[in-house]
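Every chain is named by a letter (A, B and C) in the order it is written, and numbering of its residues begins at 1.
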């Protein structure tokens, strides 16, 4: 019971309290600053090692899938190859083993095995996924922006103004009016700086207070679901 | 004693506000334990959870729960796990398949504990297995591709997208929309909210997400903290109005009192 | 008959297969890359503010440039990173580069710094600019640098201890930094404002993706950040300012093999026009359907 409930709650309490107290003291207050620095260092180390947890789970899950010949088990083989190959390039490169010298491109500009993988496989795949956003934004806008009522109309008009104001085409649309070239851009900036900022701040303040309230519940052990614990 | 001599006076205002905030929250928590009539407004997105899980049960399809892409040091993730706990209890109760893919390893470990405990609490540990909560990858877009794949191949009846999201929010929400799933989203990431509002059936906005755990558990202490938070917000609102009036009329600069270094 | 046709058209348009939209967007993205239009850009205040702040610095000042993005948003963040680095080095302002984005942040920092620094052969690594590399730990690492950068980065990206780099002998923590520019894809940009500007008072500017630009206006407006580059548009404005003030960088921006934001604006223009077109089509179909329903 102590290890399962009291100890995690005590650790949470201390890990939450120490940075708060440290925030209110100067650097000379070593009594609070030293534990706080130590805590921050531990966080960096734990964050680094935590990735091993995930890797072990991925390997276990996919080996199990291959053993059971579950649906799509062939893909699990490719996944494991994709995990092991670049991973070993990186590890061997970091320790300068044989031809796997370094993880960055070599001094003459030629790629190391790991950097080759990063530049010609990883980066293009990443950019491709992100660029899908343009397609999805278009389809979501087509579906969502309808003049259903007054609010929806205002939303639509604001969206169109900002979209036009963010491109040179919008500027040239009004260029025939004296001073019109800058009008749309100026109006867009006004929309972003005023109505947009006002709404953002409202949500930000509410969310910040919500986050602070949740933090307090966590530190005091009132909110425990993230530990897999229910209230007594 | 030595430590207290080095109190950072430049942050004295932040300290006073911190004490005020804590006092309000703790006072309302205490009040909530004795009173049972605390009013918390209805949150449509949270009320819809039961209906959404029920739909998956009727259709015999799975519930997909995406707890965001951040680690457990992010408050939104903790709030998301509170909702996950509720969802897992429902899927355990109705024997509905649940799938929780993870991007962050620490969130993964916590989510697994949360779901396991929910199944035990519902008296259905037999239905729990480790593959319900699984790890995918640390990479944001590889994770997105994997979850979008689950949405299109396995066609979950209900998708929960609750937690901290970044650019993948629309990719996931649009894919889920195309797959015909009912979608409940929630995030405090302001930039992602418009995407969720466009593509999901319900969206928890900012503080609604943080209140979710308290709202769903109906625990008086937790609800009390929401009440305290609301009063703090009212005070902040009042300070904004007074500050704006004072600055406009040139009487005094209230903002100066709130500047902390 | 006319009613059926009208109803059929509005239903067909409202339920348009999204693959048609995808196809048009793809064509709209590819054509301007093959056939550049060369549209001009006008400069907005948030971009000019950052430019002017760097212009006000002297060669003794140090700017910290944090690469808080990965390969995913390279088309948006890359041009702004290159422009800011190019501006600093052209003014002989000292630059300390680091990366906090876990996947590919370090690679982005090395790639951009190496490319831009090569344009300034008289500047020396270690004296005029330094690449600290990547460090995990997010907020914890950022806060630790407020005490001592060398405790977070004991050595640079090449493995050289910081104590052996002349520039880093002069830079201990944020007090020695005149400006932090975070090129961010996610929440790390917020952290620089909420933690570093709030707690250490260091001026911060953020170059972010267009999608996250709206939230940064709140910080810009309240002077928690001194400048903002929002997406490709912000980057193209910065390039415009740089070209006007430093004509010697023109060959880089004229090189068709190097992608820049001004060229990217052609694509953005066409895509925005397509999206607006689809919004109009969707609404026409919606009204046709509604008037038909009212008549029935």
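What to note about this one:
The definition used in the following text is that contacts are C-beta pairs under 8 Å (C-beta built on N, C-alpha and C of every residue); 3 or more make two chains touch, one makes a residue touch a chain.
Since this is a predicted model, take the numbers as computed values, not measurements.
Because contacts link each chain to all the remaining chains, their graph is best described as complete. Relative to the centroid of every protein C-alpha atom shown, the closest chain centre, again from C-alpha atoms, is found for A. The greater number of contacting C-beta pairs, out of the two interfaces B-C and A-B, is seen for A-B.
Chain centres here are C-alpha means, and the one lying farthest from chain C is B. Between the CA-based centres of chain A and chain B the separation comes to 16 Å, rounded to the whole angstrom.
Centre to centre, using the average C-alpha position, chain B and chain C are separated by 29 Å.
Within chain B, contacts with two or more other chains are made by residues 73, 138-139, 141, 167, 190. In chain A, the positions touching at least two other chains are 23, 27, 43, 47, 126, 129-130, 133, 137, 139, 141, 143, 200, 204. Counting only residues that touch two or more partner chains, chain C has 18, 70, 72-73, 103, 199, 211, 214-215. Across the complex, chain A meets chain B through its residues 20, 23-32, 43, 46-47, 50-54, 57-58, 61, 125-126, 129-130, 132-133, 136-137, 139-141, 143-144, 200, 203-207, 209-218, 222-223, 225-231. The touching residues of chain B, when paired with chain A in their complex, are 2-8, 11, 14-15, 18, 21-22, 25, 29, 71-73, 75-79, 81-82, 84-85, 102, 104-106, 108-110, 112-117, 121, 131, 134-139, 141-142, 144-145, 167, 170-171, 173-174, 188, 190, 193, 195, 198-199, 205-211, 213-214, 217, 219, 221-222, 225-226, 228-229, 232-233, 236. On chain C, the positions that touch chain B within their shared complex are 18, 70, 72-73, 102-103, 139, 185-187, 198-199, 201, 209, 211-212, 214-215. The residues of chain A lying in touch with chain C in their complex are 23, 27, 37, 40-41, 43-44, 47-48, 104, 115, 118-119, 122-124, 126-127, 129-131, 133-135, 137-139, 141-143, 145-148, 156, 159-160, 163-164, 166-169, 171-172, 181-182, 185, 189, 192-193, 196-197, 200-201, 204. Residue ranges of chain B in contact with chain C, taken from their complex: 70, 73, 138-141, 164, 166-167, 178, 189-191, 260-261.
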